[in-house]
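Once you scroll down, you'll see the structures, which are given as structure tokens.
In what follows, chain A forms one complex with chain B and a second complex with chain C.
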Partner chain A sequence: MDEQKQVTRRDFLRQLGVTVGAAGLGATGIGATGYLAAPARAAMKPKGNIPSTPIKTGHITFLTGPAELLGGPGLRGHLLAAEEINAQGGILGKRKIETIQADEAAGTDANVKELRRMKLSEKIDLFTGVISSGNTPALGPVAEELKVLTMFNDGCTDFLFDKAVPNPKYVFRVTNIQSADGVTAAVGAAQHWPKARKIASIQPDYSYGRNVHEHFTLALERLTGGIEVVAEAWPKLFTTDFTPHITKLLSAKPDLLVVGLWGGDYVAFYKQALRYGLFDKMKVATTLAFGGVPHAVGKDHPEGVLAGVHANYHFLYPPGDQWPVNKKFVDTYHKRWKEYPSFESDGAYTTLMMYKAAVEKANQLTGGWPDDEAIIAMLEGMGYDSPAGYVYIRPDNHQGYKDAVTGLTKNLPEYDFPVWDPNSIVYIPIRSITAPPNWPKPGQGGNNESTAAADWIKKTWPKAKA
Partner chain B sequence: MDILVLQILNSLFYASVLFLLAAGLSLIFGVMGIINMAHGSLYALGAYVTAWVITFAATAVHPAVLFLLLPAGALVVTAAGVVIEPVLLRPLYKRPEEYQLLITFGLLLVLEDVMRFVWGGTPLSASPLMDALGIVHVGEFVYPTYNLLVIAIGVFAALGVWAFVYRTRFGVMLRATSQDRRMASALGMNVGRVYVQAFGLGCFMAGLGGAIVVPSQAAVLGMGVEVLVLAFVVVVIGGLGSLEGALVGALIVSFVRTGVIQFYEELELAVLYLIAAAVLLVRPTGLFGRPQ
Partner chain C sequence: MILGNNGQRRSIAWRWALAIPVVVVLLAVPAFAGAYWTQLLTYGLIFAVAALGFNLLLGYTGLLSFGHSAYLGVGAYSVAFMVRYWHVSSMELYILGGVAATAIVSALFGVVCVRYTRIFFAILTLALSQVLWTVAYKFFWITGGTDGLRVPYSDLSLLGGLIHFAGDDTYNKFIHSYYYYVLVIFCACVVLMWLIVHSPFGKTLQAIRDNETRARFLGVQILQYRWLAFLVSGIFTGLAGVLWVPLNGLTTPDILYWPQSGKIVFFTVLGGFRNFSGPIIGAVVYNFLEAWVVGFTQYWQFALGVILIVLVLFVPGGLVGTLLRVLTKTTTSMQTKPKALT
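Moving on to the complex of A and B:
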């Protein structure tokens, strides 16, 4: 399908359903159909005998190191959901949630051992958390082997459900898929800077950075046409001195820089790049500038930078007046933790709430405490009104999908940290940037790309006239 | 050409920080025979304390005064070192080396958690110092003036340590202790006090490294672990226990790293480890190390 039909960039973005600014809210999935397990719905009376033993959840996330910036808010989202559920007496009014925590920074092997220990010694009912894309592909197969119901918060690599666990039964993942990050940044860049042709890229040197680089350049080439990658920088994960990389990027004189650094790495990077005048010399699109706690990025951060949230969630969107679920979540979260939530907070919170909704629904059908098979059947295909908008768990791959969002940084007087310029926000229906159900996985059905998404983009996206 | 100037300045900047770290590591090993695994965390502690003090003071005092507060991190780390040596390390000198490795590694873990407990996961910065000095123009590019100050501090630190070790009475005692502890003790020197002072000086240098780097970057959790690895590469190349080795090693590591990043980045760490391996094969004690 190399003979592409040609379209204009504007038509292309319109076909994708991309909308910009406050008027775009119709596209966030609000009012989407499907069966909704709305948190606001009055609780149905539990059927049958429910034991009063607690539900044990295991939660592995980064509690130390530079990635705590993502892991900490995730854990706080999880704990808030557990507290809210426990305040109502627990799930089905009887079973309170207990959480066993472990530090993801211990490394992949230690995480796998800890998951085994949690299941075999602690007898956990549900496993949650996990940030790193290096860890979910190792933990996923083990969770299937142990038959432990698992709802990963992040660790968003396409590889998990493309290759590591191609036919998941016990494993689910709630926040968006990784390739959506690079594609979302590309759509945002094409929308705001359609004339950028010379592209530079700085990515952490591991699977996440590789994935962002590949999908960003692939999508941008289709969206604007005629791009050229003039420089690549691949700092090791958790680098602190970025000055040689920044100098290298400056020397290539790009129009646009795509940045996949996250956590403490991004903070250290932007502070150094600022003093080298990098932001004055090129446009900058990021996938995770607003990925940590919102106040991690200071008001010294330049305005007009495309600030990604992992294609997931920013606490101001969807706006509270239009989406009360979000307002309620942000208010209670802020009251509990004295800070605003990040996308990891929303993901971990939504994970527990979806589990609760699935148990309640299964209970109505089976009576008593439902077994895992029944809970899984309810999770598959579940739609849920989360703080971030409508989330849908696809039955074929157990992946949570919600519409992607990104925007340009701006300093508003109401906040001590930069937020998005309300007029710059780009909403993208998730179906427009992810491979549809049953698209051939890598290595099957003529898909020789690294992900199903890359193959799908190459075979189906038209190419905009340069 | 402008890029070359910038990359040379980048290398000198990073070499200054690495030198402070590696020289302290080397000094402590040279005198006391201890490989201090917690050295990177002491560097991070210096960064956190300075960033914290600067953030506190930034709204209250004149920027010129802020520069006087820059060494706060170094002083706090020195104070910590003066407590750590007699309390944690002294009981273990008679034991085999693995005990010392274990206790300093334990200290690393404790310090990492203390920093997280006190300052949380959100990075701290000391940007007002950076902004106070502005930028210099290098052709069409700009370079932060503050980084030139860091390079200058690195040069002064190297000269100062050299003068201290080779030109003062205390330096003679340090070197005597490092060459033969029992003989130094037999000649009437208070070896215990020399140990505290050496450890304190090593900690001061680590803390100073953290303090001067933080305005240009940010204090983030885990920063000490990342830099400890490079500091070990520096001392392996230069020779553990040698100050000249720390200086030359820091320059080699920093310039090679910058060069590789500019031209063939995938090999960043591989090239550094290859150099370290080559040095170990040809001169197992490092370029400036002396056989034990």
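Moving on to the complex of A and C:
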């Protein structure tokens, strides 16, 4: 694309609708069409006869290993939503939620077997959870085969709805799509460190890491121009020793390092990197430094690092005075679990609450307990005021979209762990960083990129003057 | 040579008679068990085929392979490649292609490995299997990397196109048809392996296992026999990989990773590697056990670890070995001396 339009970086960021600082919340708005299933509207009287048998939900997530830092809060978000719903007598006042759990760490093949067990043997009504992007492309098609209504929390790879389940019927996903993660980190980096040109990258060696690397470098090139990738390190997922990778990164002397490590991997990485003074020698942009439970990262973590939350949610934002839904969620979550929620907590909590809202709305239309088709019809195009802001489920690909957010780490006296510097938070309207509906999927309509998002960025984004 | 005396012949006939009710029960399973248990049992039967192959090396040739994930994986990936690159949908072609691919790989690996025994053999097989794992993991533009490659059952056809699963709501039909398909192949494999281990070839392998030096003095070409055993073992395991992939729906590098080899060792030890039926029972039981433990507790690794320790310390003969010992003890008064178990 040599004939690209050239713009200044500032104009570019303005065109994307990027805002910085706590006051930028005004930008997180309702940009998409769709109806709003606000939690406050849930008080309508159920129609028809509702059975009192419980709703069985299956929840597979990481209960052991380094990824438990993400899976644990997810499960707690799910359980909190179930408890809140059950305290009101259940969905439609009658059907309480029961949860069957299983450990995602058992591996993809065991997860496939477990989903089949949950549906065929336990007869679950709803399947939720799943963290790893290696697992949703395996479980999505199985869920479609089994015709089990599925709302993935995460496992946010673009591949799921681009390729593995291109025309989903039963499968939905609530948290933001993966390509938004790398692009959000790039926008955050372009905002805070516009002069960084020599880029190094350390990513877990699987689809997520490759996705982050590709979309980060692609977007940053457009945003700042003239970047050069000077080093790449690809440690295996769930590695604990990063020393050889750290020395390789240091020797390349980059201006900026992009880190896609997550869970226990990130914690191990930053502690080892501290010993080498890595954070003093380069700027660091992460996609998931604040991805686990907030206290997983200690106050020894350096300040001024771009700490990603998977482009989804941090418990302090949107601020409670501006967005009471979040304040209420954080308070009840903290009271219940004695810790602050993570983006997985919000994702799993919102999943159940959206399911509840869809059932209630379908009940108003059909009476009695709605069948899956009716619930699906309500989920498609649903908008919901979640703790993280407004979430919208796009009907064409069943993917949840909400405005993306990231910020720089800072130690504030109120918390035992680092949080975001309120003045550094970058908000990005999600429509500015994701491919629009019906953009050709990979392999179709002249899209030869790995994702619809990459193709869309290459074909439509201007290039900032270097 | 093998059916030398009447006593042995009677004992063998008795065992085959015992197999009849087992087959009858297996035939009836889908009628009363439902789709979930049927598909779980299908997994069990498939891994039993792999275990049969594995045990030809461990139980009959005395070689512990810690790299049998390689042949499962080659079988599975060759099917996935046929689907992805050539859009093949016939199960029979999968079997042909998968078996041919595993035969080539195990023949090559065998040449390298059979020159060694004991720990050296185990480490070599492990290393070679991890080379294949790395290829599947790293060459993601060909292999799909950790996303793996899908082999959807909806595109599958059995018996040269007689049975297919296109259309809506075909999952139960697939599970039932596929179960019987696997059952037939499983039975054929059991008979074939039984014939192999009781043939002069099988007996020679056992002679090598028991005393290599003596076998060599008798003029046995040790390396050639070991290589043939390695080849047959790999082919059986590869066939299991071929059968596994449409049932699982996809293959990822996990199938090539060393814990998969560990699992094959696990269920052979669980059933007992010193007898013919041990690995079969072990594979089936392990599949139920794993599915149950993973669903039952988040400490599933701990639970499986405890079971393995108990097995090695207290039940070294495995489930079948121990059961046979108990049976032999109770009937010992009827027999002059306990027979060697085959």
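Everything that follows uses one rule, which is that the second predicted complex is superposed on the first by the 458 of 466 C-alpha atoms of A that agree within 3 Å, B and C clash if a C-alpha of one lies under 4 Å from a C-alpha of the other, contacts with A are read in each partner's own complex, and residues count from 1 in each chain.
Keep this in mind: a contact is a pair of C-beta atoms (placed from the backbone, for glycine too) under 8 Å apart; a residue touches a chain by one contact, two chains touch by 3 or more.
These numbers were taken from a predicted model, which means no experiment stands behind them.
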*Is this a clash or a fit when chain B and chain C both end up on chain A?*
clash
*So, does A:Thr64 touch the first partner chain B, the second partner chain C, both, or neither?*
both
_Touched partner set for A:Ser121, first chain B, second chain C, both or neither_ = second
_Is A:Glu104 touching anything from chain B or chain C once the two structures are fitted on A? First, second, both or neither._
neither
*Answer with first, second, both or neither: which of chain B and chain C does A:Val142 touch in the superposed model?*
second
*Would you check which partner chain A:Thr247 touches, where first means chain B only, second means chain C only, and both and neither mean what they say?*
first
_Quick check for you: in the superposed arrangement, does A:Ala296 touch first (chain B), second (chain C), both or neither?_
first
*Please indicate which partner A:Glu360 is in contact with in the superposed arrangement: first for chain B, second for chain C, both, or neither.*
neither
*Tell me which region of chain B runs into chain C after superposition, given the options 39-47, 57-65, 93-101 or 147-155.*
93-101
_On chain A, positions contacted by chain B and by chain C_ = 63-64, 205
_For the complex, give me every residue of chain A touching chain B._
63-66, 68-69, 71-72, 105, 205, 232-236, 238-241, 243-245, 247-248, 250-251, 263-265, 267-268, 271-272, 275-277, 292-293, 295-296, 298, 300
*For chain A, which residues count as touching chain C in their complex?*
63-64, 100-103, 106-110, 112-114, 116-118, 120-121, 133-134, 137-138, 141-142, 145-147, 157, 159, 164, 205-207, 210, 237
*In the complex, go through chain B and note every residue touching chain A.*
3, 6-7, 10-11, 13-14, 17, 112-113, 116, 120-123, 125, 127, 130, 135, 141-144, 146-147, 213, 216-218, 220-223, 225-227, 257-258, 261-262, 265-266, 268-269
_Can you tell me which positions in chain C touch chain A when the two form their complex?_
34-37, 39-40, 43, 137-138, 140, 145-148, 150, 152-154, 169, 171, 248-250, 252, 254-255, 290-291, 294-295, 298-301
